[in-house]
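The two complexes that follow have chain A in common; it is paired with chain B in the first and with chain C in the second.
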Partner chain A sequence: MAISKEIYKALESVAGPEYISDDPVICEGYRSGPGGYEAGLGYERVMTTVPGCVIMPRTTEEVQRIVKICYRNDIPYVPYSTGFYGPRSHPHVEDALLIDLKRMNDFVLDEKHFYVEVGPGMVYSPIQEECMQHGAYVVIGGGGAQASAIANLIGDGWSPLSHRIGLPHRRILGTEIVMPDGELLKMGSLAQGDDPFWGEGPGPDLRGLLRGYTGLRGCLGIVTRMAIKTLPFQPERLEPTGISPNTALTLPEKRVKWINFTVPSKDEQVKSMREIGHAEIAGAVTKVPLFWRAIAKAECKEEFWDIWGKETEESVANFFIVRVLLIGYTSEEQMEYDERVLMDIMNEVGGIARRTKPSDESWIKNADSAGMWLMCGGYVSVDYVIETLSQSPGHGPCYAELKKKYTPPLMPDYGDPGWFQSFEMGHQGYSEFLVYWDPDDDTNPVDQFYVDTSKMNIKNRFYTSLLGPHQPLYLTGPKYGPNYHEFLLKVKNEFDPKWMSHPPVPLAHDVFVERAPWMHHMKDWESPADIPK
Partner chain B sequence: MADKLPIRYYKPKSEFKFDITDIQNFVYDMSRCIKCKGCTWVDHTYMPGTKFMTRCPSAEKYQFDAYGAYGKMRIGHAMAEGRLDWNEKAVEIMYACTLCGACDVGCKRNLDLEIELTLESLRVKAVQDGVGPMPAHKKIADNISRTHNMYGSPAEKRTAWTTGAIKPAAKAEILYFPGCTASYINKEIAQSTAKILKAAGADFMLMPEERCCGNTLFSVGMLDEARASAKHNIEEVRKSGAKTLLTSCAECLRTWKVDYPKMLGISTEELGFEVIHLVEYADEMIKNGALKMKKPFQTRMTYHDACSLSRLSEPWTPYEGKRGWMGCVEPRLKRRRGSNGVYAQPRDILRAIPGVELIEMPRTRENAFCCGAGRGTREAFPDFATWAAKNRMEEVKDIGAETLVSSCPRCKNNFAQAVKAGGIDVQVLDISEVISAAIEA
Partner chain C sequence: MDLKEKLSELVGSDAFLDDPASLQNYATDYSYTPRGAPGCVVKPANSEEVSKVIGVCNQNAIPVVPCSSKVHFYGATIPKEGGVVLDMSRMDRILEIDPDNRRVRFEAGVTWDKLTKALEKEGFRVIMPLTPPAERSVLTDFLEREEPTNQVYDYGEPLQGMEVVWPTGEIFRMGSASVEGYPDSPSKGGNPSGPGLDFYRFFQCAQGTMGVVTWTNLKIESIPKMDKILFAPIVDLDYAINFLYRILPRRIGQEVLLLNNVDLAAILAQDWPADFEKLKATLPPWTLILVISGLLRRPEEKIAYEENFLAQVIKNEFSDLRLDENLPGFPGLRNKLLPILRKPWPADVPHWKNRVKGACQSLFFHTRPVKAQQFVTRIREIAVNHGYPLSDIGMYIQPIEHNRACRPEFTFFYDPGNEGEKSAVRALYKDAAKLLLNEGAVFTRPYGDLAPIVYERAASYAAALKRLKKVFDPNNIMNPSNLCF
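After this line comes the complex of A and B, so read on.
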């Protein structure tokens, strides 16, 4: 139902006339668009549309009032923080109200109790800078420096810095969420007072539900406030240097240092990661894909393809690197100790330290995912699994094999097995793939590849992240549960009986498969007949 | 490279060129925006914290995505594909933008998209489609047409700043082009520049019939009129035999060095003379000992990078080529990323003045927040321009600077107005005035 003048006036009275618009040009500015994360694919073309109206609240109370108006008048709405990361955070139905949360960018740092409190409009890099100025750091990662910290944590939130801490929900403390009908739910210690220090009870601990595995894109409500745990860091300044596009943080080498090692084989990569975790050293440990090195070297996309074009299946297959970030959290002596332990471990596995730049270009403050778009000007998609450290490295070769079937349109990657790393001191293993294609090629196979990836993960028992809103729920749910889909839909129906909050998520990918003729032959799973077409 | 692969990747090569008169040249750039908003946020490496996080005045002021480059790319793309028509809001969105280049350098940190050219092209399209420019811009165009200056002041008073000891030569290697603002409004800048040149022992001449450079005409998309200004002015300089055209205005500098060649399909080199800003000349003279700055200036000073001297000042080279698989272009393109702007020279000059304590603002060099005055903004959106200047002044206050220096009269005026309106205790100077004061014995 289109937003009537009467409802528009009601909404306008909440946010003010400056912060609401149904002008078609303003709304066009919120199109998902053919560039970006998985945008331009069938999902973007078939499932997304421009909003019918945009509103920008400033406070939680305003969000509540807006949502209540929507609920009362059957206006579908979509929460939107920074808009990065593609079609799934954009309206999927006509005449939706897009609730742009960028004005809710409050920030409080509690140095004494090691947390920050942020609104959904606050992005990662300013938070990290503030933290580092106060002897702390946060692990947000995922969407990158310029993405909303809250959206990141309820969506992804892992990065190489997750080496010490693991899955993102561990870092979410007191949280405030406006439920789909406008009711306010406070989690953790916020349920009892205005102190977000504690994430678990005495209030309801719904954090896992809220974020699902890779986020539910606001279909269960709008997070308006979140406290995020910070971790102790070292005190020396990481000095910004260089001029765009070649900027980096110069590292104080006695306290922070990256060291790249080459090792003889994948087994040694995994073993060294496990040992580093068990020794409880380092701030990040990762195996990076070879094409990242080409991205780092290239000054432009044409140069990237020149460099990458020289690789072969053999060179990619024999590229065994372990990249370790050492941090002297407490002292230079601790750093020296960690480095000695690291060298012992690497000696044992036959690792050789390579010359490594004393700077950080990508991770500590940046989580610089935007740079990953350089080579094609706009595309990346991922599969990522969090598993045991012994299981996750096996994911790469499986995935690489599946990619061959879809190459082209996927870029030639010479069997690249992706990247993997340890989380939570070796307790978890993480494997991720970035895949690229030219949006002007026939991209239907990419849509098919996406679903085929899910089937591969199910078959090989990789605990994929591509559950729920990233894949057909009726494909993944029965396999990961066995009733994940039923559980999630019951929760959705309970929280949002009218399905006003970002419909049709979490069934959006199921709907896409129904709507896209080129996907029909992929469907070998059961689903109810009443899935909207 | 794709051609050499065993599997054929299909992608026909499409021709394009850096010609802003046809928006179709930039459909690729508009369609590949990933909405990372690197155009709006300060480079993450230099991100100063939760204050002063953004570098796009338009996005910061108006908040809706439509005002950021990511929004304009989507709107422009829809227009180029015929899915969206102009309306009043669209025209406002395209012009309520300082075209300051912050988005362009931000985008080119990670992608290779031509955001600045696209925004310029969208304004040209607005004029072509009969909806642009804004009424205030038409007034400037009328002034220029009648009086050859943007203010509509009498043409014969253009050189009224040459008083006292200022004696331009009839013939010299350096041709000083003060521009409209220093000629009519901020004469102190032209006079200081003349004093500096004299102190360095350099003769300079003026154009016999100096006219507005056409910066605003170009910036608002009135290319026919801007091109006429360019042709006249270039011809005048060529006739004069000057080897160097020196400006004290960043906007004039960019117009001569970048926009003229861009409009005329030539490279900056092909102008046949060098275009430099005063700070480039003064810095060289100070470093080779020809200019000595001995008079102390006891102040805590900060420098504001004028957009057109910094991230927008790299020389222009025309480009025509083909785009193929993955958007790669041939022949190889050396993209203008703002990396080689004039950043060091003004700072070196100011540091060389005894007593000056030069401190940086959180948003500096390619991340600087535009003053809000240029590219037709002040004239069409005075409230926005004042807001932008006030935003920047907050930064000046935050670092406790007593003196704010820039190298463009447009910046100086806009800041001065913000300081006056806000009762802010900060002295606003042009760098020519600072140098001039320091060389007085």
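After this line comes the complex of A and C, so read on.
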């Protein structure tokens, strides 16, 4: 149903006339793409629409009132903060109300109790800067420092710095969420008062509704306030240097240091990561793809291709690097201890320390910005899995093998198996696989590759991020849990029986496969007849 | 066939109990919760039997009360509406120990005693809460979020992928244990999260109301190569708390805790009650206990840098603090206390909480450490009002997450055979809970009398919990009359 004048007036009375618009020019600004994450693919073309109206609330109460108006009048709505997540964070149905949360950018830092309290419009960059000025740091996810911290934490939320803390869920403290019908749910210590310092309960932990292993794209409500746990850091200043886009943090070498090692084989790579975890040292431990090194070295796209074009399957297959971040959390003496232990481990595995710049270009400062990966014009991180170091090293090669079938249009990368690393001091292992393509090519095979990866994960019994709303639920659901989709849909139906909050998520990929003719031949799973076409 | 016959057939007659003497064992616990009336007890041997039992109970709308331990303090396993007690003690297998990923997978009936011994043989340990009874279920303690005494690990929560039987009887694996064919898979169950939702969160502190967890994966850690246990006598609690604010963010120590003279005396006493009374009278008001450890590699060097850091901080900023390997006046304490912190409380010795007077009621919550002294003062005021002797209040403060939070625990001891004492402690407990809630105490584990007090305050949370509960347990069969259900 289109937004009528009466409803528009009601919404306008909530946010004020300056902060609502159905002007097609304004709404066009919220069209998905171009040039972003997962941009230009079939999902974007088939599933996304321009919103019928955009509203920018300032407070939780305004969000509640807006959602209640929508719910009462059957207006579908989509929460939107910084929009990094490409097509998936845009409206999927006509005449939806897009609730842009950028104005909700309040930020309180509690230095003593290691948390920040933010609104959904607050991005990571100032959070990290303020934290580091007060002896703490946050983990900035791959979305970059310009991503909304809340959206990132209820979506993905990890980086190599997760070697110490791992799952982002653990950093979610007191939280307010406007449920799909407009009711306010306060979680953690906010459920009992106005102090957000604690995340649990009371009783069963409803933070389980905020996300699964990956996020829910706002289909179970809108988080309007969250306290995020920060981690104690070291006291020395990391000095910003350079001119954008070539910026870095100069590291105080006695307290923060990256060291790159080459090791003889993949087995040694994995072994060194395990041993570092068992020894309980370091702030990050990661295996870097050769591909990333080419990106880091290049000043422009052309230079990247010059560098990358010199590689071969053999050079990629025989490149084994382990990148370790040492942090003197306690003292310089502690960092010296960590370094001695690290060198012991590297001596045992035949690792050789390479010259490493005394600066940080990515993971502490801002993670990787979306643009960094745009070597071909289009890219997506197909899978990013937290499991163990038993699964992680074997996961990427399976992707690389499957990718051959879809290259081109996927970029030739000489069989690069992605990257993996230690999480939670080696208790967990992380793997991630990215693909790149030229949007001017026929990209239908990219869509097909994406679904094929789910089938590959199911067949090989890998855990995967491609669960929840990220792939057809009726494809993955029966194979994990089993039948996690049934429980997820029951919860969705209970809290959003009218399916007003970002419809048709979490069934959007099921709908996509139905709508896109080039996907039909891939559908070899059962699904109900009443999924919207 | 009636229900009892059906259940007996499902689990086998040896694993089915309905004689009055057996039922009495499940009717009470160490709390003051009124006696319950179980209809029968079943002891399933595996997940399939759990599934069948719950399925039958769901069809017949019969309450199911899961019970994994032999030692219960909070009344959560007392059947409040009758029904079937699902005793998980036969499911006590340690399914795998995975040294590479520092992971163990085990069933709900595995006790602290069994798990710690098995892990010790392999060089591993569980990060433990304070003195868990040897016969308690490890899984239950972690599901119920007992706070470990070791808070140095940034990642905290130790539970990983697990299996549950929903109240409808369906078996479901969570996190990365959800892959088809698990555990015969590259995925080892190291991630508790997902698929779809973080279902595992719904089972935390659920007191068995959301379903039955049958097995779990759990993070384990290497046993340190060497340890030093340090003590500081504390008179000014704020001073000690400020010291912890200073050192714990710097990731110093393994086990770190503060105990008052009553709790520490109860833990240490051997000749009872003379030893207890003597210790209580002579121990300092509070004792800070801090363990620093050398890990797998270069253990002496690790201990050295931690000691050097501590020495600098004490010299420059906390010169009144006497942190030493010996607590003045208590020689030999270091050799005695470390094993107590690293092992479960032995099954053949009454738990220290019950040794004082036979039973106790503990009030615990989360707060900012800066407020700890305020809560101590309030508790003392309330105790005075209720005529409870100040000298008999047990106090324990557990710093959490680098001391960004803490968990104070106040214990009131009573004679379970004295109805007057019991009801007086109950009244004191409820009054204290209400007052502390008003002053910002955060109760995350609302048992018994605490539940209505907390959920009245957390009304929107309770409403959402009820909706969620209805999704998974439409007939409200799982341990009814607990929490807000």
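What we mean here is this: the second predicted complex is superposed on the first by the 525 of 533 C-alpha atoms of A that agree within 3 Å, B and C clash if a C-alpha of one lies under 4 Å from a C-alpha of the other, contacts with A are read in each partner's own complex, and residues count from 1 in each chain.
The working rule: contacts are C-beta pairs under 8 Å (C-beta built on N, C-alpha and C of every residue); 3 or more make two chains touch, one makes a residue touch a chain.
Just so you know, these numbers come straight off a predicted model, no measurement behind them.
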So, after the overlay on chain A, do chain B and chain C clash or fit? They fit
Can A:Ser125 be said to touch chain B (first), chain C (second), both, or neither?
-> first
Can A:Phe487 be said to touch chain B (first), chain C (second), both, or neither?
-> second
Of the two partner chains, chain B (first) and chain C (second), which one does A:Gly309 touch, if any: first, second, both, or neither?
-> first
Chosen between chain B and chain C, the partner touching more chain A residues is C
First (chain B), second (chain C), both or neither: which does A:Ser431 touch?
-> neither
Would you check which partner chain A:Ile458 touches, where first means chain B only, second means chain C only, and both and neither mean what they say?
-> second
Return first, second, both or neither, reflecting whether A:Pro240 touches chain B, chain C, both chains, or no partner chain.
-> first
Is A:Gln471 contacted by the first partner chain B, the second partner chain C, both or neither?
-> neither
So after superposition, what is the minimum Cα distance from chain B to chain C, given in Å?
-> 22
Dual-contact residues of chain A, meaning touching chain B and chain C, are none
Can you name the residues of chain A that touch chain C in the complex?
-> 112-115, 135, 164-167, 169-170, 179, 183-189, 191-193, 195, 197-198, 200-214, 216, 229, 231-232, 274, 277-280, 329-331, 333-334, 336-337, 340-341, 344-345, 386-391, 394-395, 424-429, 458, 460-463, 467-468, 473, 476-477, 479-485, 487-488, 490-491, 494-495, 506
In the complex, chain C touches chain A at residues 98, 100-103, 145, 153-157, 160, 166, 170, 172-176, 178-182, 184-188, 190-207, 209-210, 219, 222, 245, 249-252, 295-298, 301-302, 304-306, 308-309, 366, 368, 370, 401-402, 404-405, 437, 440, 442-446, 451, 454-455, 457-458, 460-461, 463-465, 467-468, 470-472, 483-484
Partner chain A, residues of chain B touching it in the complex | 1, 4-5, 7-11, 28, 31-38, 40-41, 43-50, 53, 63-68, 70-75, 77-78, 84, 87, 89-90, 93, 105-106, 108-113, 325-330, 332-333, 335, 337-339, 343, 365-367
Within the complex, chain B is touched by chain A residues 19, 21, 23-26, 28-31, 33-37, 39, 54, 56, 82-84, 100, 102-103, 105, 107, 122-130, 133, 144-146, 240-249, 300-302, 305-306, 309, 365-366, 368-371, 373-378, 407-409, 411-412, 436, 438-442
